[in-house]
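For reference, chains read A, B, C and D in written order, and residue numbers begin at 1 within each chain.
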Amino acid sequence: MPANSIGEHLILTTCGESHGEALLGILDGVPSGICIDMDAINREMARRRPGQSAISTPRDEKDEVRIISGVFEGKTTGTSIGMMIKNADQHSSDYSEIASKFRPSHADFTYTSKYGLRDYRGGGRSSARETAIRVAAGAIARQVLPEGVDIKAYVSSVGGVSLDTDYTRYDLNKIESNELRCPDAVKADAMRALIMEARSSGDSIGGVVTCVIKGVPVGLGEPIFDRLEARLAAAMMSIPASKGFEVGSGFASSCMRGSEHNDAFVEGGRTSTNRSGGIQGGISNGMDIYFRVAFKPVATIMKEQETIDIDGHSTTLKARGRHDPCVVPRAVPIVEAMAALTLADFYLIDRMTRIKK
Amino acid sequence: MPANSIGEHLILTTCGESHGEALLGILDGVPSGICIDMDAINREMARRRPGQSAISTPRDEKDEVRIISGVFEGKTTGTSIGMMIKNADQHSSDYSEIASKFRPSHADFTYTSKYGLRDYRGGGRSSARETAIRVAAGAIARQVLPEGVDIKAYVSSVGGVSLDTDYTRYDLNKIESNELRCPDAVKADAMRALIMEARSSGDSIGGVVTCVIKGVPVGLGEPIFDRLEARLAAAMMSIPASKGFEVGSGFASSCMRGSEHNDAFVEGGRTSTNRSGGIQGGISNGMDIYFRVAFKPVATIMKEQETIDIDGHSTTLKARGRHDPCVVPRAVPIVEAMAALTLADFYLIDRMTRIKK
Amino acid sequence: MPANSIGEHLILTTCGESHGEALLGILDGVPSGICIDMDAINREMARRRPGQSAISTPRDEKDEVRIISGVFEGKTTGTSIGMMIKNADQHSSDYSEIASKFRPSHADFTYTSKYGLRDYRGGGRSSARETAIRVAAGAIARQVLPEGVDIKAYVSSVGGVSLDTDYTRYDLNKIESNELRCPDAVKADAMRALIMEARSSGDSIGGVVTCVIKGVPVGLGEPIFDRLEARLAAAMMSIPASKGFEVGSGFASSCMRGSEHNDAFVEGGRTSTNRSGGIQGGISNGMDIYFRVAFKPVATIMKEQETIDIDGHSTTLKARGRHDPCVVPRAVPIVEAMAALTLADFYLIDRMTRIKK
Amino acid sequence: MPANSIGEHLILTTCGESHGEALLGILDGVPSGICIDMDAINREMARRRPGQSAISTPRDEKDEVRIISGVFEGKTTGTSIGMMIKNADQHSSDYSEIASKFRPSHADFTYTSKYGLRDYRGGGRSSARETAIRVAAGAIARQVLPEGVDIKAYVSSVGGVSLDTDYTRYDLNKIESNELRCPDAVKADAMRALIMEARSSGDSIGGVVTCVIKGVPVGLGEPIFDRLEARLAAAMMSIPASKGFEVGSGFASSCMRGSEHNDAFVEGGRTSTNRSGGIQGGISNGMDIYFRVAFKPVATIMKEQETIDIDGHSTTLKARGRHDPCVVPRAVPIVEAMAALTLADFYLIDRMTRIKK
């Protein structure tokens, strides 16, 4: 599997730089006969697109997805699905400073060291711009999943303002009711204040996204190395700026006894608690799957920082341009997209699990 | 890639159940000409093997690794390396209860649901017994890595007794000086007391393993989806009982500002701080890589629990047998092995990155 | 690996239908720092494009390749390379007959049976139109290969008019001197006459392409299952209309004794004969690699044929439209492209073979 | 996918040298719930094993397959299946000559050049001994395939003594009635005479194996690059000593017109002829699949040959030891095994093709 692909059977392969002509994605392995809902795809794109609210980057991209192949008369044909998103708003600004200096905690240094050169325009391939095509593919993956699977992510923490870790205390239908994508309106206001303050001081701020998936059939996930939690972790940790992943009880489980932590089975196969987070032995058990993804504050800030130039000499850098002070609200649809791709892949693979001649 | 394989170029494929005849592993992609140090392999096996101390399971397995192929006159030949570990101490005990009831928070229910049957003897394939072959393969992977790469993991928390998250405060050469594999002897005693107490009450207890990798060359990791942190996360989350992963500043980064979090570059390319955890843009930057893995308390406890039988009816279960009350000390060599496999894979892949005709 | 991808490390993933908006390809794994020669890519496209001579289809496609990503200031960046070829000349003709009837020996029946529906416009995904993107990717792959590797294919047989199987009897620099791509001008005239006669009677005709690769370094190919000949065979047999593959002495070897067939080594490592076709034990030995690929006559002919409709009932069909009476001259650059992709992949993989710490 | 693995979902990974302790194989992706017929496996092993008749090598290997994992109480569990075949009859003879000289047309030179060293005992990994584990895995793959799929291969040519290429003229149930595995008893006698003559002169001789597969469901094979014929070609060309592959009309198709070659559909979807060889557009069409594989004469002969030593200097070599003068009768079960693995893989993959929510 190449580095720009993800999945075992339902596989997304992508290319494209921040300031190139377009982003392309090829989604292979989609079964035939699925009616593609373009409106659903566009809705997800709108959730991720820049410029959607006061707290995000003013870069304005329509992010219209064109389906190039694999769909005929509204239905998938079983062949590879091509997607294209044109880059409209490429500021052909002055890149001389960013071309010659490495932004602290950014990919500039490692890309240059590894490859010997880099496309520095807007971060090139290392820009989070590439996630747009993931959202498009994820929207198709949702349509591959059986009805009833419901994937909802939300912002559960920004800069230390945090929601209760128990997601069942919130009405997840309220996530889209504010620009924070936070089901607690009061906390959302506090988060918003933090973000605006960070922006005004030229700074950025981190946060956490929680994802809850209901209606997952029993049996998804493939031990030993393709455990559902392992593949979810890889999918989430492939999102730019992510620094941590925990499923179910997560890090808190490390403080617990087995007698407190175990989920007792009740008549029929459900469990009375769900500290397992819907996964046991690497396989979904039919309970809600939930996990949390930590995001660091974005590296590009408008404050002067100590750094080096491409010759290794000390210098300072103060970024300009259009950047999100906090990526987590826009990370919500990306987390959902990566979850959808992962689950849909396992859903298809699971069809091969048991023999029914 | 099949579910029982891990890696892109350096690939480990495994099979074997807890109470089967043997565990097998095939490690493919090892370059030729490496002198294999069998003592180093055996040392790692001894660190993982059961029955090594009072705090681990009394199951006694010598865990001798036989190299079946791929090594000739002490050197690797470039062909696939076969490994075999015989299962010596299979108690042919009475499995009737475990065969007919599902252990809470164990893989019994999901395996049976997915596959329609399961090898219930000792947990079958879902037993952590399978990790023995990972340790053997990891010991070979260490020998593939260039000299100077040093992978050290330790127990940083048990049941809430925790070390400072800053690993630089400890002497990592002291890890093996106690059975806890904890570089802080005082904390180790407190952890030990917790574990013994859990054992005496038939309970289990969770913990955290921290891993520090020094001497990694710049340039390992392959964006977009094969970021170094994504592959490390998947490797760690494939270890039984793991519930969380964080790299560098991890979840704590979500509370920080960019101006606090960013690692300033200093003359030559190193950074003055290392909140990035040695990885930027998915690629190693030459600084120490460090990450934490959370482990839940093991599911099998000697206390009576509510559960169901294979017909879905309520019942109770009280496990018997030989089980670790706390897996984290024995998880330390497994975490190191998975780190070694991941890094060695990227080390080989990186050879193809730049053209030198 | 998905079905629309080929390669282990240098991987081409494609999508696109005959009458869709465009063909897309993503080539992943290209090392950084290669100066991309666009003229060389365009030359290869011109060799494959329809409408290039009297003996090919009059469909007129410019087949301009746009590089969408992965190249910056003329050099590869190490990230995935996106390619797009727009479909210009889509005749929006009447497809009602072809939509409801299965063309004999075409993919219509199997696609419909497997997927439940098909994009019938111009053959959809099953059209050889998809090979255009292979040629573009192959042209890049040639630039990955070390200097001195020279891949040349030619038409060695059409409808039974055949060249000597010993390629050393021909001047391979004369291949492009006629539209047949045949280094024997006299035989080329005879082949041309056959093709024109087939065309005038609404028929098609088969042929053979021979490929010779000089300058391949010793050591390419990975036993056991990734033998060089196995991967070449798969690459060639993935070309539409191919029915057979033989390397070196090929089928003729089945009539020989070991004492006649073996290639004696001479001082330094070369062999005095080359019945092995440059491959021994699945690995290149530094001698010329040569192989032959058989192509059947294309299925779509302008004669009335017995067939069935989509309900399974007997009917007749007489194709209309623009089709090559003989694909083999245009298959020459496709064979070369697939050879280049295969060799470049092994060239990169071989870098990981031996340890040089 | 590593070089010692084959398959996309049903994946065989192998290791082991000719004179090592054992051959190992891990077959991953086998669905759960299949009753494993050990007798059927042993029957296939007996067909491949050396020493079975006067025309094969006298090396005597029982080739007993031990199933190490993945089968519980006679049924597959859905986990990876481990297989072990011990090497019993390792002659610890004098290898000094073979260690220091390269056998013409053997893998000695290329392995040494690529890897810098080789296990020269009995050919090491390059010995056809490795195919034993393929036969074991293939016997399991047959049990994965739906009932009614019947794979039968036979010797259709030895040293120029050839059967009619139309397999329907023979009673394929007579294949095992002679040691040649040839359904034509008269031709079998002639082939036998050729082989005995080659043996007596210390020589070897080539041949062709034809394989016929009946009862394949419509829909197996995955365009574009995973066409059924491409994957069959790769599987066959991975067998030691194979030099050519052709499916259906094969090379003969290159001399034909479309009007002669096309297979007319008849009421219901079958075709009146079958020049396509059961595959159209890379997908099985429900007709018999048939193909031919050419094998060169084995390289190791008992005659003196010109060659070089490991320092590149000219010398002569006259092999000793136990070798088949003609491998094709023993290649028959190997061809069948590789066909079974390929088809079973596609059979499982096809389950994911169409959506049935």
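Here is the rule we go by: a residue touches a chain if its C-beta (ideal position, glycine included) is under 8 Å from a C-beta of that chain, and two chains touch if they have at least 3 such contacts.
All values derive from a computational prediction rather than experimental measurement.
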Exercise for review: Tally the contacting C-beta pairs at the B-D interface and at the B-C interface, and name the larger one.
Suggested key: B-D
Review point. If you take the mean of the Cα atoms for each chain, which one ends up farthest from chain B?
Key: C
Review point. Distance-wise, how many Å sit between the C-alpha centres of chain B and chain D, to the nearest whole number?
Key: 39
Review point. Just curious, how far off is chain B from chain A if you go by their C-alpha centres, in Å?
Key: 26
Point to revise | Interchain centroid distance [CA atoms averaged], chain B/chain C, Å | key: 45
Exercise for review: Check each residue of chain D and list the ones that touch at least two other chains.
Suggested key: 1, 3-5, 9, 14, 29, 32-33, 78-79, 114-116, 125, 223, 353-354
**Study point:** chain A partner contacts - residues on chain B that touch it in the complex
**Key:** 1, 3-6, 8, 14, 102, 104-111, 113-116, 125-126, 130, 157-160, 198, 203-208, 218-219, 221-227, 229-238, 242-251, 253-269, 271-272, 275-277, 280-285, 292, 294-301, 303, 305-308, 312-314, 350, 353-354
Exercise for review: Would you pull the chain D residues touching chain B in the complex into a rising list?
Suggested key: 1-5, 7, 9, 11, 13-17, 20-24, 26, 28-29, 32-33, 66, 68-70, 72-73, 75, 77-82, 84, 114-119, 124-125
Point to revise | Of chain D, residues touching chain A in the complex | key: 9, 29, 31-34, 76, 78-79, 144, 146-147, 223, 348-349, 351-355, 357
